[in-house]
Amino acid sequence: MRGSGAQNPKRGSAEHDGDRHIEALIHLAQASAFDLLALSPPGWGGNLLRGLMNSVLIAVGAFSIGILIGIGGAFGKLYGGPVTRDLLELYTTLVRAIPELVLILLLYFAGTDLINRLLEALGYQRIDINGLVAGICVLGIVQGAYSTEVIRGAILAIPQGQIEAARAYGMSPGLMLRRITLPAMLPFAIPGLANLWLIATKDTALLAIVGFNELTQETRTAASTTKAYFTFFLAAGALYLLLTLFSNVIIARVERWARRGMYMETH
Amino acid sequence: MSARSADLIDAGARASLWLQPHRLVLIAIGLALVVCAAVFMRWDWLPDYYDLALQGIWRTIWILAVTCVLGFMLAVPIGFVQVTGPRWLSLPAYWFCTVIRGTPLLLQLWFLYYGLGSLFPQFPWIRESFLWPYLRQAWPYAILSLTLSYAAYEGEVMRGAFAGVARGQLETARAFGMSRWKVFRRIWLPQAIYRALPTLAGETVLQLKATPLVATITVVDIYAVASRVRQSTFIVYEPLLLLAVIYLCITGILVLAFRKLEARIPNRLG
Amino acid sequence: MLKTFKIAAAAAIIAASGVAMASAEPLKVGFSPEAYPPFYEADASGNWTGWEVEIVNAICAEAKYECELVPIPWDGLIPALTTKKIDAIMNSMSITAERQKSIDFTDKYYNTPTAVIGPKGETFDASPESLKGKIIGVQVSTVHADYVKKHFTEAAEVKEYQTQDEANQDLAAGRIDATQADSIALDAFLQSDQGKACCDLKGYVAEDLEILGPGVGAGVRKEDTATKDRLNAAIKAIRDNGKYDEITKKYFTFDIYGG
């Protein structure tokens, strides 16, 4: 760029000035992309990885809570009384119709406030709900609505004979759940649950809106401090993509494991 | 006439089945909660923001409609080339779906808006180009990223739908002497769309739920209006509750509309 | 792992002076996790630094609080305070009548003029006439957003950003014609490589005490007069004992406390 400027003496000095700025900027962008992403300070790579760890932690927590709610919700919907069923229907409908962002804001601010007001009314001490726990719970509640539907569908897909046979053997409901229903529904539930896991990893990004330090928020902080928006958003995208691809590998294995023996059963 | 009266009786029976005693109690509790919310919470800000809220709702619906239509138009070729296209087309399409589906939409949005925006000062000619008036504004980025997102998710659905159309039908059509294009237009595409239709409602609701993210890049949709109310009045819950109700209504309308659509289309396909 | 790290300084000073640790009460101080140099700035090891962070440290040490910085987005700070998620806001929040309807403030701890910056090569100043037809970017829910809406009514558009940094970013990208904010925060941007390349100071806005307020104070809950009194005493103490000047000298060549 400097060469072309020298060869063309007609160019104005203001333009020259602009050229130098651009050159400096491009130089800055190229030379520092790797320095910026270095793992130890002054590089920001360590921060991004810490953010990724937080994201994975929230996703795991939310996904687990979601499955617990889902199992309870599915059984409630299938075998519960009319009131339980209606309330669960309300829960799954509301969560699936309202944007996660709005739910997160509502539950994040209102949820913790309500719990504390309730505790105070009952004469207990206020509890301090930190961002991590609140984030996990909020996303868990969202995930729960979707897993309820997935697990309900999976239970319905179990050949009815198996459950009847278990009943005929005189199994208690708890034993039947542990030995028959849960293992038998697993192969049917796994594709849906795998999808939910992928959604959970990506939904953690929404916690950036409430200022929680997961990957997207760390990226935003790094980008705004260094002004290297392009580099950092690209790097964070790559990390999320790796997480997804890695999850896909694991999911394929789990699916194979859960389906073991299925082939023989059909014969 | 008799069919219609039978329908009415049927509807009446269903209604009475639905209105069981415990439901009446639940509805009463729900109404009581609504009345409590109306009486005890603060709604005095509503008149001030009424016009802005209507504009916001309109903008949300507009963004939803445009991105769904554009996204679906993109999803058809993306799904199709993955089924029969040459490698140099199917591979990029596959990676497009993987990348978009594998990263959060919020990040994509910020990447497009702030990431690309940070490159503008390095390329002064961009500001002289005829696109600059659009590149300056926020909504093209919102539309672009939401469209790409919808195209990737629905493209995956369309891939399955194209692959799912029975081979025999296509072969028969070819045997009848139809050109490849005609087979695609008359047999393959309509059947694939018909197969993808049940997922459309769900994907569109998910798309609606993604629209509030555009508020983070200064597009003033209904979510941004609610944020503005929260920020200037410091009222925390009321705007969010109303916002949730608004989204609930839009979702309800969408679901009903798609149900109507789905009920009509199979008849046409015969 | 969370960046809600404790400020060790308070504890260290108390330990050094031989006072029992137990006497340091915890105080959750909310701040917005965004780059707002020179007041708040993240470093690559995940710590927050800057003039205001040091002032928070000093105030907490003086008032014998064990402070914890809690990151909350700017627009969620006041709700977080009223719902007791945090106990105080020290985040360059101006004392205004509008905010005082919801929360209370301590005395000011700094006050600086408000400026407007714009792209190099364009000549305009911070008057309503000269900003006519321009797109102005401001941070949401700030005195500047209110000021722009009241005084620059003939602006083509007022764009509201979640953080001031994003407004600066869009100014550099050429998406907005001007942005209004605290003069020191804007100056820090103008001193950066990006700021030097794109923009310069256009002028200072006319005073409007009703909107811009008397300065920046710590936000506290209305009923929480105990915290307010204790913080007020600490602010006065660090002004008197030279701690405030000591910190300020590291960042500025003048006293930003204001008249």
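All chains are identified by letter, namely A, B and C, in their written order; residue positions are counted from 1 within each chain.
The criterion applied here is as follows: contacts are C-beta pairs under 8 Å (C-beta built on N, C-alpha and C of every residue); 3 or more make two chains touch, one makes a residue touch a chain.
Since this is a predicted model, take the numbers as computed values, not measurements.
**Student:** Look at all chain centres (mean of CA atoms) and spot the one farthest from the centre of chain A.
**Tutor:** C
**Student:** Most C-beta contact pairs, which chains?
**Tutor:** Counting C-beta pairs in contact per chain pair, the top pair is A-B.
**Student:** Identify the chain whose mean C-alpha position lies nearest to the mean of all protein C-alpha atoms shown.
**Tutor:** Answer for the innermost chain: A.
**Student:** Would you kindly tell me how far, in whole Å, the mean C-alpha position of chain C lies from that of chain A?
**Tutor:** Chain A and chain C have C-alpha centres separated by 32 Å.
**Student:** Between chain B and chain C, what is the gap in Å from one C-alpha centre to the other?
**Tutor:** It comes to 39 Å between the two C-alpha centres.
**Student:** Would you kindly tell me how far, in whole Å, the mean C-alpha position of chain B lies from that of chain A?
**Tutor:** It comes to 20 Å between the two C-alpha centres.
**Student:** Touching two or more other chains, which residues of chain C qualify?
**Tutor:** Residues 79, 83, 166, 169, 194, 197.
**Student:** What are the residues of chain B that contact at least two other chains?
**Tutor:** As it turns out, chain B has residues touching two or more other chains at 114, 117-118, 121, 216, 236.
**Student:** Please set out, as single numbers or ranges, the residues of chain A touching at least two other chains.
**Tutor:** 25, 109, 209, 220, 227, 229
**Student:** Where on chain A does chain B make contact in their complex?
**Tutor:** Residues 18, 22, 25-26, 29, 82-83, 86-87, 94, 96-103, 105-106, 109-110, 198, 202-206, 208-209, 216, 219-220, 223, 227-230, 233-234, 236-237, 240-241, 243-245.
**Student:** What does chain B use to touch chain A in their complex?
**Tutor:** 20, 22-23, 26, 98-99, 101-108, 110-111, 114-119, 121-122, 124, 205, 208-213, 216, 223, 236-237, 240-241, 243-244, 247-248, 251-252
**Student:** Which residues of chain C touch chain B in the complex?
**Tutor:** 75, 78-79, 82-83, 98-99, 101-102, 135, 140-141, 159-162, 166, 169-170, 172-175, 194, 197-198
**Student:** What part of chain B is in contact with chain C in the complex they form?
**Tutor:** Chain B residues touching chain C: 114, 117-118, 120-121, 127, 135-138, 216, 218, 227-228, 230-232, 234, 236.
**Student:** With touch defined as at the start, can you tell me which chain C residues reach chain A in the complex?
**Tutor:** Of all residues in chain C, those touching chain A are 1-4, 32-35, 41-46, 70-73, 76, 79-80, 83-85, 163, 165-166, 169, 192-194, 197.
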